[in-house]
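Here the chain labels run A, B, C, D and E in written order, and each chain numbers its own residues starting at 1.
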Amino acid sequence: MANTTKGRTRKTGLPPGTLIHTGQRRMETPRITVIEYSKDTFRETEIKDVKECPILRDTPAVAWINVAGLHDVDLLRQIGDAFGIHRLVLEDILATDQRPKMEDYQSYLYTVFKMLSYDEEKRGVAAEQVSLILGPNFVISFQEREEKIFEPVRETIKLDKGVIRRSGPDYLVYALLDVVVDHYFLVLEKMGEAVDVLSDAVLIRPEPAVLRELHQLRRELLFLHRAIWPLREVIAGLSRRNTELVREGTAIYLRDVYDHTVQMMDTVDIYREMMAGAMDIYLSSVSNRLNQVMKVLTVIATIFIPLTFLAGVYGMNFKTFPELEWRWSYPAFWLVCVIVTVVMVVYFKRKKWT
Amino acid sequence: MANTTKGRTRKTGLPPGTLIHTGQRRMETPRITVIEYSKDTFRETEIKDVKECPILRDTPAVAWINVAGLHDVDLLRQIGDAFGIHRLVLEDILATDQRPKMEDYQSYLYTVFKMLSYDEEKRGVAAEQVSLILGPNFVISFQEREEKIFEPVRETIKLDKGVIRRSGPDYLVYALLDVVVDHYFLVLEKMGEAVDVLSDAVLIRPEPAVLRELHQLRRELLFLHRAIWPLREVIAGLSRRNTELVREGTAIYLRDVYDHTVQMMDTVDIYREMMAGAMDIYLSSVSNRLNQVMKVLTVIATIFIPLTFLAGVYGMNFKTFPELEWRWSYPAFWLVCVIVTVVMVVYFKRKKWT
Amino acid sequence: MANTTKGRTRKTGLPPGTLIHTGQRRMETPRITVIEYSKDTFRETEIKDVKECPILRDTPAVAWINVAGLHDVDLLRQIGDAFGIHRLVLEDILATDQRPKMEDYQSYLYTVFKMLSYDEEKRGVAAEQVSLILGPNFVISFQEREEKIFEPVRETIKLDKGVIRRSGPDYLVYALLDVVVDHYFLVLEKMGEAVDVLSDAVLIRPEPAVLRELHQLRRELLFLHRAIWPLREVIAGLSRRNTELVREGTAIYLRDVYDHTVQMMDTVDIYREMMAGAMDIYLSSVSNRLNQVMKVLTVIATIFIPLTFLAGVYGMNFKTFPELEWRWSYPAFWLVCVIVTVVMVVYFKRKKWT
Amino acid sequence: MANTTKGRTRKTGLPPGTLIHTGQRRMETPRITVIEYSKDTFRETEIKDVKECPILRDTPAVAWINVAGLHDVDLLRQIGDAFGIHRLVLEDILATDQRPKMEDYQSYLYTVFKMLSYDEEKRGVAAEQVSLILGPNFVISFQEREEKIFEPVRETIKLDKGVIRRSGPDYLVYALLDVVVDHYFLVLEKMGEAVDVLSDAVLIRPEPAVLRELHQLRRELLFLHRAIWPLREVIAGLSRRNTELVREGTAIYLRDVYDHTVQMMDTVDIYREMMAGAMDIYLSSVSNRLNQVMKVLTVIATIFIPLTFLAGVYGMNFKTFPELEWRWSYPAFWLVCVIVTVVMVVYFKRKKWT
Amino acid sequence: MANTTKGRTRKTGLPPGTLIHTGQRRMETPRITVIEYSKDTFRETEIKDVKECPILRDTPAVAWINVAGLHDVDLLRQIGDAFGIHRLVLEDILATDQRPKMEDYQSYLYTVFKMLSYDEEKRGVAAEQVSLILGPNFVISFQEREEKIFEPVRETIKLDKGVIRRSGPDYLVYALLDVVVDHYFLVLEKMGEAVDVLSDAVLIRPEPAVLRELHQLRRELLFLHRAIWPLREVIAGLSRRNTELVREGTAIYLRDVYDHTVQMMDTVDIYREMMAGAMDIYLSSVSNRLNQVMKVLTVIATIFIPLTFLAGVYGMNFKTFPELEWRWSYPAFWLVCVIVTVVMVVYFKRKKWT
């Protein structure tokens, strides 16, 4: 996840603007869906050729073209030509290791960000790149593979829920961003659960495995932090409305998504601090365990060492050794042993060593 | 407390602006209290239906509408319609995990922040969301449940103390903010007590339980930090007076509350540094304890190991063993033991090991 | 020192602007001294009633009114009424836990900061709040109790040293600030001595008591940092001359005091880094000591354990035991012991363990 | 790598602007290559004397003069005179320890940065200084030695790929920067591999050698951070287009390279955090190992110490010693030994010490 | 070095602007050298009385007055009167603990900074304060004692090297700053050597002495950081040319010195990070050593403890003790010993404990 430079090196030495897909091929054939809608109309078509794609300069309708699958470089070039998109934008869409950013090309806005989801199997965060192009009356979205994530937006348009059918393409961009940010919250919640589990684990079983999980989680939180931070800037950039492509009414909605990202940053930061604290507790628990072990050794050794010495004394073979002859020597020896032991145990108890 | 994303996920996939209460239901029925006042008049009523609610466009009076309990979504929608409040604001009022913020909708200002109280039972900070809408001649406050916290403000108005009856709704907002910030100080004082207790505890009984409490406190201080920081921005935003809704006289008062928040930040930061220091002392105390134990082991073992060897020597069964025959061997043995012990104890004393 | 919220909670629930003295009562009766001076004149009087206080609108003279003792709330109110001072300013003067700040009320400037002194008995920094009000031709200073700190300024005025008699009240404010900042340097020097003492102590006697002193000092440095930082802002604010109350000539002098505060910040930061380093050395010294102890145990145990085993062997009672019969067995045993010991000591020496 | 002041001291005491080559001599003779190109023409020549160098004020062609090898100070001075370059710029070109920067001298822009490559043999990052001078229709590039790195750009021009032949010298600067930044990604990838290797190594073999490698890598990441940070500023400065030398179309391309540097910064920061985490794991692994060793000692010592005492007891030579006479004493002794051992092992198992 | 408040307290309570030399007296008598130069002329004189000092309002010549030795307060006052210098500037020149700063007094610029040199004997950085006053056609430099550091500048003027004779006094200020900054590089190089030495020392001999040196070096790097940071601001301030006293041509040169300071900051920061890393390695090395020692103890103890028990067993005096009678008991005993030892050594080897 952290090694974000893998695909990048494939491009070294090529002239700038060369279109190369640097991600993994995740779909068989790209799929292009076109949804046209206005206040009263709704039409959904799947097209094979970009030439079929409507460019509706003068109608009040909005067209949402969704491209799922990025490995067909020719297709991308056709779309770029049809909609007059800069070569560098196409290059960025194909390079799936982009940092979230928003770029204003006057006649259209280009936005790229990560869509996150929690992979239950690998128990990690999966990231996928989504690019959005906002034109005067169209939105083109590029996904690495077909995801169900934009389905609710499609439904909202189809069923004419909310204000989306009466709003422009900028509102559609907002709706898509909103649904993506909502998914971030799902990932964050999974993280929150892992944080809770590990906070307990460091106390109950301070083992190297827990330490590894802890570091894994910290790395994912760091990754999340890095993903949200520029996303925040992207949304802030959109809502600042330096462009005519974003209307004032939509800017208020975008500010709302912006607030969500700020809130997520806060949560991620709290999680990170909690995990830093858990690290401390882990280390403390480990050394606490060792202390317990060492104390037992100390107590047993400290009690028996003098006694063993005493037994050794009376095992000596001196010819002249008065105590050996005495009658009560042996019971006296045991008495001394018991007294020494009791004195030491009391001493240790008082010092709270056991 | 930290897991601020819990309720949020319930909303994933819904069209934006959908009103859903994401907090816990804390009251049976919402309660709406309306207090109308001007320089000479004071009237307090409890209403069931929003339609009864006075909208006093041209009178000099100020209306304070307090809504306690947020789970009745219909009620919220009616209030929104009656006062022309944006759907996103209503959504934010219902989502009880908002970050403190202030939004200017020209005809009214929307402010949301946390009201903190110290829960004696759970020994932790309890947070509740309060939303304020400041209109030209009204203030609407939304609480999650009915709290006595705004009671002093009600009293001040009723008994005509201070300048509140002669001031506009902006002063009422100030008064409400002031009383909330005063409660922050109460929470902070509780924290201060806990800080003092733990600062001593890490020295007296460096146990894992203390470490856990310490981390708990650090987390709460972090939470407090996170709550005050944006609150500060909110109040700064109000006092900057970019809007006509806040008069100049009130801005001076708001600046005063702003100073309080800055001061609280300072105190929280000092507490956090103190707890970081306490952490160091804790770890140091723990390892100091182990050192004590280890030193006792070392001293006892180091004294007895050579003596035991000596006793072992004279327990050997060699046929030719001159010392065993000597008369004073046994007393001489004890003499050697005493001398070795004394020499070692003196050595240890000089090295300051005991 | 750190618990700055103590008095604050007494005010919760009271209407804003209520005058309450939140500090400790430090004097019997407040004492008001009035010093009037111009280029040629100097008059010093002590007044009991504020009504006696001269308000000299049109004369070229400057009046310096010093109020020592703050617990008489009525007196404050009278002064406030006489000079037209805002209620919030009076409230801030009485609340002795203010953060240093400067507020511009057009007709006068309000400045509040801490006066620090080193308490030799308690071996800690003592802080006292000083408020200054700079009017067009007067300065009112409020102290918690009568301190000799402003005496040099009084002397300078009385003996007509420097340019103070030919300057306005803004220069008087500068002179008072300068004398306060000079006292900060005294406190800083005491801190510097403590820093030096502790830097040595952590090496010579790494004991828990030293650790506690170290943490105490770090806390005080943090406190100092917190006190100087906003003071710097205050003086910067004054010297920026957004107000007519501060003349250009005085601004140059204020910039000089500003430089002093920057320099103090630097020194405090260096002290803090040094104490952080001392902490490291302390921990390192402690573990070094334990290492020394452990090594002695190791060396002694490692030498004697094999020897004791050998002695044990020849203490066995086997019937068939050839060595026991040999003549030189006993001297040979000692020879083996000496050889083993020498070999081990050489080994340890080479490994640099002793 | 870190000791960036080595050559610098050679210059102390010389008047400013004195030309001295402070780097290592890396080539025999400097080599000057001139590539002239326009939309339709391409000419490549190698020159010995700067006077041969074309200065094409009025033709539409672009000249790219590449100077490889910097130790010939006279040559530099001639170039400086021919193109009217400031003495300080020449000084900077020769001082090969420059921090990346961009300077606008109105008639030309001066840019200096590091070209990085990964030295497989030394297993470290090798840095070389590249200076670029962008004039109205020429670009002069200075390299410490002849590197193949600019070869792809030469190819692109020669084969008329992309838009480079139809663009101005600013696009050539972009192309050169782009190829350099692409090489940074290669270095970053090597770093990423080392990060992965070390992340595993700290777990598998926590040895001092790994610690040293870890610190080495952290230092290189720090170096990389320091190299990229100002490079970012340089490219941002170029793309802000405060000068007429950079056209608008090229600024878009430069923004793209800027994005790459931001992304690299992110990756470097993630690597640095990962290595900080690896450090923690290393320390934790080391102490974990010691714990394992200590526990074995504890268990064996704790079991045998009481048993040895018992054996010592029955080795005593008391005359009156009833047990010695008993018939089953010896088997009973072994029975006791077995029971004690079993009890202890069970106790340790339950405490999870083994 | 760190205790920068020492001399300062001597001034507490004095009226502002009182001239007191707070540094150590470092020379017998102050020495004033005047160098006048223009494009064609050069004259060097040593004067005793300030009245001899030329003030050349209308000639094209530049006068450089160098004052070495600061303890003669009267002399300073005379210079101040002769050149119309503000009392606060004179005060700052005398107070040798100034933070580097630049102040614009319209008719002249005042600059103060530290000149650093490495004291080979004390093995530490020695700092001396240098003040510069830049007037329309003169530069006055104040040094604490006569240093050879400005000698190269004198030479450059005398021998008419570079452009200095054709430039104004602002270029002279640049030349002086340049030579001072060059000396910083010398100090930095010494630091770099110390950094290298210590980086090795922490690995080879992790002793408390090394730790102390390490902390000493970190403190000096911190001091250097603190000295360069404001110097950078000073030079940036000069090169921003808000004043007519600095010409545009000189600003370019100043920007060059500015770049040097930025580069020095980078190097200092890298050294600081390296020393932080060395600290980690030191601590790790120390604990590694202890681990080695502990492991030897563990291995020897673990091998011999069971063997000693066995020898103890056969030293028991039970009447009925079959093994004692057997013929091969004794060799069998040794066999068992060897087997136990071999098994344990193999076990330890496999666990990689030795």
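As a convention for this text, contacts are C-beta pairs under 8 Å (C-beta built on N, C-alpha and C of every residue); 3 or more make two chains touch, one makes a residue touch a chain.
The structure displayed is predicted, hence computed values, not measured ones.
Listing every chain that touches subunit C and subunit E alike gives an empty result. Taking shared numbers over all numbers used, the subunit A to subunit B interface scores under half, which places it in the different class. In the Cα superposition of subunit B onto subunit D, the rotation angle, rounded to steps of 5, is 145 degrees.
Centroids of subunit A and subunit C (each the mean of its C-alpha atoms) stand 42 Å apart. Subunit D and subunit E have Cα centroids lying 26 Å from one another.
Shown for subunit D are the residues that touch two or more other chains, namely 287, 294, 297, 301, 305, 308, 312, 315-317, 321. Taken as a contact graph, with one node per protein chain and an edge wherever two chains touch, the assembly forms a single closed ring in which every chain touches exactly two others.
The touching chains form a single ring; listed from subunit C in the subunit E direction they are C, E, D, A, B. By the touch rule above, subunit A contacts subunit B in their complex via residues 152, 156, 161-164, 174-175, 178-179, 182-183, 185-186, 188-189, 192, 195-196, 203, 252-253, 255-256, 259, 262-264, 266-267, 269-271, 273-274, 277, 280-281, 284-285, 287-288, 291, 294-295, 297-298, 301-302, 305-306, 308-309, 312-313, 315-322, 351, 353. Chain contact summary for the complex, subunit E toward subunit C: residues 2-6, 8-9, 11-18, 86, 88, 91-92, 97-99, 101, 103, 208, 211-212, 215, 218-219, 222-223, 226, 279, 282-283, 286-287, 289-290, 292-294, 296-297, 300-301, 304-305, 307-308, 311-312, 314-317, 321, 323-330, 333.
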